[in-house]
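In this document, chain identifiers A, B, C, D and E correspond to the written order of the chains, with residue numbering beginning at 1 in each.
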Amino acid sequence: MAGGNTKKRSQKAGLPAGTLIHIGEQKTERTTITIIAYEDGNSREVDLSELEQYIASKNSNEVIWVNINGIHQAAIVETIGRIFHLHPLSLEDIMNTDQRPKMEEYKNYIFIVLKKLFYDEPTRRIKDDQISLVLGNSFLISFQESEPDMFTPVREAIRKRRGRISEAGADYLAYSLVDMAVDNYFLTMEKLGEDIEALEDNLVKNPEGQTLRSIHRLKRELIFLRKTVWPLREVVGDLERTGSTFIQESTIIYLRDIYDHVIHVVDTIETFREIVSGMLDIYLSSVSNKMNEVMKVLTIIATIFIPLTWIAGIYGMNFEHIPELKMRFGYPLVMLCMGAIGILMLVYFKRKKWF
Amino acid sequence: MAGGNTKKRSQKAGLPAGTLIHIGEQKTERTTITIIAYEDGNSREVDLSELEQYIASKNSNEVIWVNINGIHQAAIVETIGRIFHLHPLSLEDIMNTDQRPKMEEYKNYIFIVLKKLFYDEPTRRIKDDQISLVLGNSFLISFQESEPDMFTPVREAIRKRRGRISEAGADYLAYSLVDMAVDNYFLTMEKLGEDIEALEDNLVKNPEGQTLRSIHRLKRELIFLRKTVWPLREVVGDLERTGSTFIQESTIIYLRDIYDHVIHVVDTIETFREIVSGMLDIYLSSVSNKMNEVMKVLTIIATIFIPLTWIAGIYGMNFEHIPELKMRFGYPLVMLCMGAIGILMLVYFKRKKWF
Amino acid sequence: MAGGNTKKRSQKAGLPAGTLIHIGEQKTERTTITIIAYEDGNSREVDLSELEQYIASKNSNEVIWVNINGIHQAAIVETIGRIFHLHPLSLEDIMNTDQRPKMEEYKNYIFIVLKKLFYDEPTRRIKDDQISLVLGNSFLISFQESEPDMFTPVREAIRKRRGRISEAGADYLAYSLVDMAVDNYFLTMEKLGEDIEALEDNLVKNPEGQTLRSIHRLKRELIFLRKTVWPLREVVGDLERTGSTFIQESTIIYLRDIYDHVIHVVDTIETFREIVSGMLDIYLSSVSNKMNEVMKVLTIIATIFIPLTWIAGIYGMNFEHIPELKMRFGYPLVMLCMGAIGILMLVYFKRKKWF
Amino acid sequence: MAGGNTKKRSQKAGLPAGTLIHIGEQKTERTTITIIAYEDGNSREVDLSELEQYIASKNSNEVIWVNINGIHQAAIVETIGRIFHLHPLSLEDIMNTDQRPKMEEYKNYIFIVLKKLFYDEPTRRIKDDQISLVLGNSFLISFQESEPDMFTPVREAIRKRRGRISEAGADYLAYSLVDMAVDNYFLTMEKLGEDIEALEDNLVKNPEGQTLRSIHRLKRELIFLRKTVWPLREVVGDLERTGSTFIQESTIIYLRDIYDHVIHVVDTIETFREIVSGMLDIYLSSVSNKMNEVMKVLTIIATIFIPLTWIAGIYGMNFEHIPELKMRFGYPLVMLCMGAIGILMLVYFKRKKWF
Amino acid sequence: MAGGNTKKRSQKAGLPAGTLIHIGEQKTERTTITIIAYEDGNSREVDLSELEQYIASKNSNEVIWVNINGIHQAAIVETIGRIFHLHPLSLEDIMNTDQRPKMEEYKNYIFIVLKKLFYDEPTRRIKDDQISLVLGNSFLISFQESEPDMFTPVREAIRKRRGRISEAGADYLAYSLVDMAVDNYFLTMEKLGEDIEALEDNLVKNPEGQTLRSIHRLKRELIFLRKTVWPLREVVGDLERTGSTFIQESTIIYLRDIYDHVIHVVDTIETFREIVSGMLDIYLSSVSNKMNEVMKVLTIIATIFIPLTWIAGIYGMNFEHIPELKMRFGYPLVMLCMGAIGILMLVYFKRKKWF
């Protein structure tokens, strides 16, 4: 997983800084671009071909939101970059899906990278998609790795004038998109929580080699999750604290709300980590208990029958003079003796609570 | 537990930000509202229907305390929000019981979320109820999840002019409520301390699979507790340091006192965690000691009787020429020999301190 | 231990804030009060009955030191509090022996709580007594839980004009008392160091269940110690850094010295923790080595004699046609054979370094 | 490894501070020096003999880059030091390859030490080479331990006017060199990731002693890596934040990019550490599972046949009166009995899920 | 070790603050004092008897260095203290060898405590000697616990005008002494590194109880080392940052160099700790592997021969009607049968990779 990501990144090791190459898995065939402009509740669609011209004549208060799904085509990313005057390093970061969540201030925009998480049911693994946001003076550009477009509900809200979004600025739009991504984390955490509970039930009922592997799968997922969510805390915190003109005073209170959510997710991850770590202890202890069970059975059987076999062996000896052998009730007496020894041992083990 | 909470939160993942939905378990049927206004020791009850009108004509120094038990009805929360001009995000947080303790400053009020803890005797689990406080300019609103109203003693003290509370401001009232919640933590810690001591006794007497599960139950309770209490430290610290006009100079010294109590609880939780962690070591070591005991019994019996059985086997062979078989005292001699070997081995094991 | 402390605290959970109740074990019958006033080397005793009048007419440079042994009588604490204008919260803290070491600045005094430690020989446990100091403008009040009065040597030094103390201010007196308490920690650490060394010797010689319990006793003592000493670091650091007028410039250098001592104690505690933690590893490893020893004995005996018994079994079969049975030297040959097998196996085990 | 490095350093313990001695392995025979000067896209080679004269007459905006491969000859390092007025401590650091990555500001230059990492295929170990950079007012000196020259692509880009480098200043050149080194880390991480994955496969298939050693080899490599990469974070961070005149405003954005890469590498190292640490758990658990397997086989065989052997022993006794021996179907009955006991036991073990 | 140190300190617990008592082991018989004064390369020896007079008439730029070997005589330390106006607390610290490294600023001097480390070959333990430095306005006093004088090479360099030391100030002299002590640490680390490597070889070849004790010896040495070196980081850092007039601007760059060395030693200690910690894992795993080996031998022998012995037992029964016993080739057939069973089992174990 981690090894796979770095592998891809190494393709770039030889190339001069500034070359645009898509790093990461290509998750969609086509690149879809949706552009919407809105102000005071009124919205209209803009075509990519009109975009450049639109920007030139743009009403300064109208918000324009450009959403790109699919980031593997360098030409498109470069075009967008040229139109909005994005720094080459930002373009590189957009096309490289192996990024940590981060927030960077440039002169003319704020650049935000975060991750969308989703739980892949068939493989039971958590996967991530990179989302890059460019928030400038009444414009927002969002890049997603693949279809389906996660932000459709927000676009609908703008079109249908739902909530305050269609009347707010680009910063509130950015907030809405980040909020949508973070809300999605709760779904992933829920799935993970279910997995953990299922495993916990299993742990008590029948611990087996499979269980151990499941614990380790969970552990790795949690390492991966922490790596993904942890830096987001700083990203949102920085957004809150930056005195950037691109973020209005009234939006900061909303960012604080996202910050709380991220902390909540981080807390849950840490709690899960501690629980899973405790599960390993229970697993190892269960295995060792089973071993003890086995040893006790062995010990009970062996310690009862080994002495009895020895007694049988004694009277199987061929000495000419063994008086007991000629006794009338020798055989039943020996049998009684053996039975008594066996019962005494069982009582002893019972008192020792071996069974 | 944790998984259960996130599950509920995920219901909201699809909805636009700002929708008021109760998240969490509904713990009471009805919503009870109690309103009391007081100044210089005189107090009077106010009815919900008069509240809006009262606010309009309110004497600026009179303190009004609105307490709501039951937070699942969005309409009531919205009404209160409208009357006191609360921010939509605060209303959302009030109705979402899956919050971390936090303290947030708004323009016209300070918003505080904390948890009430109680030890549920039948299930031996620690449960929590969310308390939200809104402290404004001579008003305080408190939201609790369920009956019984935890703050009744404070209300009585106001009515009966006990202590300085009925003459102090809304900030001292807020302090009293937080103090009451934190004092309650000590009761919970005490119950937990008793559980730990009981388990510790059990650990030495008879360690069994049940013990391990109890240790893990305690571990999880402590993870949960830490998650609940830890952020409160910051909340109270922030209250102390905030230069807010809603908190008077003279009240800060009382907040410092609560801060000490919270630190004390946090310390106790950490100590409990270390103790429980040490109990796991003792448990595993006890189990392993029991296993050793079993192995020693097996070894003693087997190593004594296996050689003796072999000797019996030798004289059970059917060779025609085994001179010993014809000896007059062959049998008693062999028996003596066997006894000697057995005793020598027992002496050896005794010296090795195997029993 | 920890559970016991919280239990006591919970008695207060129902009462209104500000009620004076003694929390903790009552360690003395009577309350003894000693008051001494001194200036420029001259000292005189003051009686409790004269105290109030004395304060009123007090020469501003004369230092008055009030020492109270026994804090369970609310009336006495209240009287002192009234005379010196102490805040109700300070009085509460003085009577509650379940405090973390702390330092709090009030308008008219600095309030310091710390712990006296002593090693209780019979139970081999570390116990603590709470010391509260109130340092004001040329007055110092010290509260101790029990007799004997730990500060007698300091009082003697004042009476007999030993050292610079009888000529210095109340802050230097406060320093001397704290220094005396901290110096006492070294004695406790020494006792603990001896316990650890004794246990370490024992660990190598004969590890047994008792050893494990001793390790855990030490671990808990160290958790308790850390909890007690750790916050003192901050207390002394804060005293050093506070710009309070109650502490003179020249005394700060002495506080720095105490700070060093506290750090030294904290360091030693951490070192002890690491050593004790390492002892657990050695213990578990020793136990496992003993188990291996047992298994090897079992294996050597069983693997040698089980095959030999089988051989004996073969020639004990009753087939009519077993040619060996009729051979003249069958028996001695078989015996030689068995001996050879046994010796070969022993050689094999020897080479495997099993014994 | 670590011990080897310190060993070399100790050679210097007796010598006065300031003596130039090469510390570390000599990795190349000859010292190669390449000097290139460039401005506005035009570049020219400079010979070492001309260097001093060149510096005197240097156009202030022209950038001169001196690259030295091989640092074991004190004379050459001293010459360079004299020409560029380097501090004796810098020269010492250049010749001592046992340095932590660091960044130090001197009056006339910034001194940077970092490490080049490469994965040595035959030994499967990660090795490092030290790179020292001296960034001054339009000059850069780079020292490498050995051939091949890692920076050849950058020199080519300057010669052939590729990218913006040939038109930018010495600070951008320094950035390019550091970037090249850091990009190289991704290759190393990728190799390590492959090793980890290979080991993980092996772990499940057949855990053996070799596996444990491989885990520990990886662990040590990761300790070494962390030690090497971790301080680089601070180095790049300091470069970003230093207000030095040697670094232009426009270059800082590029340093931030390197910073991100370093954080990414650090994150991956931490993730690898957690994974490798988890592998140890799986390994130990697999070994213990194998042991259980062995114990179960032993127990099944022993507990079935020991009682049966005892029965056979009974009817092998030589008592004169054992009625069963004379029964017509005594033998087949006993055989049936034995078969029944064996089958019952197998059923019991099957239900216990022992096989 | 640690316990031993605190023990000594406790002697002082009863005494009034300010009493000069030597705490620690007395490591030398006599106290040797060497005084040298130098300026601009010229140096001369000064006798202790002349010292006081010399100080009075001292040329303000001449540096005087007083070195004392042996600190157990309170009279000498007091004399020096009186001549140079040292604070009583400094004198106490000089005579107490149980100090943490520290740096304290007084009005007229800077007081530095650090440790000299050396590896004691016979006992293979790391020992420490305390060095106290008092750096004032062109004077330096150094206290060492014992002969031989570690600083002889520096004195020689002053006498023979080697390096810049004889022309620099007292701060550069202080730097040289600290540097000498820190360089010495590398020798100790090297010895420790050799010990670790030797132990590591041993670990793979033959793990035994002795190995475990060696690991724990190393662990304790590393705890001790960390405790000694860790605070030095802060000491040197503080020296660098203090704006004291006793340290010239040009010397700070040299202190930064020492700081790097100390960080390097701290890093190596941490690396060693992680390696030694990993060695414990390998040791425990090796022991457990040996145990498995033993169990496998037992299982193979027992599971093969126990069933065969049963078969032999069957045909040893005395039933009158056992048809096989009368068969012509009964005996060889049974023997073949047994051989086949044995071989089949061996094949099974081989396939299970038990041997």
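Keep this in mind: a residue touches a chain if its C-beta (ideal position, glycine included) is under 8 Å from a C-beta of that chain, and two chains touch if they have at least 3 such contacts.
What you see is a predicted model, and the numbers here were worked out from it, not measured in a lab.
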Chain C to chain D, fewest steps along touching chains: 2
Whole-Å gap between the CA centroids of chain B and chain C: 26
CA centroid of chain B to CA centroid of chain D, Å: 42
Of all residues in chain A, the ones touching two or more other chains: 288, 291, 295, 298, 302, 306, 309, 313, 316-318, 322
Chains in cyclic order, anchored at chain A, direction fixed by chain D: A, D, E, C, B
Residues of chain B touching chain C in the complex: 153, 157, 162-165, 176, 179, 183-184, 186-187, 189-190, 192-194, 196-197, 204, 253-254, 256-257, 260, 263-264, 267-268, 271-272, 274-275, 278, 281-282, 285-286, 288-289, 291-292, 295-296, 298-299, 302-303, 306-307, 309-310, 313-314, 316-322, 352-354
Residue ranges of chain B touching chain A (in the complex, touch as defined): 2-4, 6-7, 9-10, 12-14, 16-18, 87, 89, 92, 98-100, 102, 104, 106, 206, 209, 212-213, 216, 219-220, 223-224, 227, 280, 283-284, 287-288, 290-291, 293-295, 297-298, 301-302, 305-306, 308-309, 312-313, 315-318, 322, 324-326, 328-331, 334-335
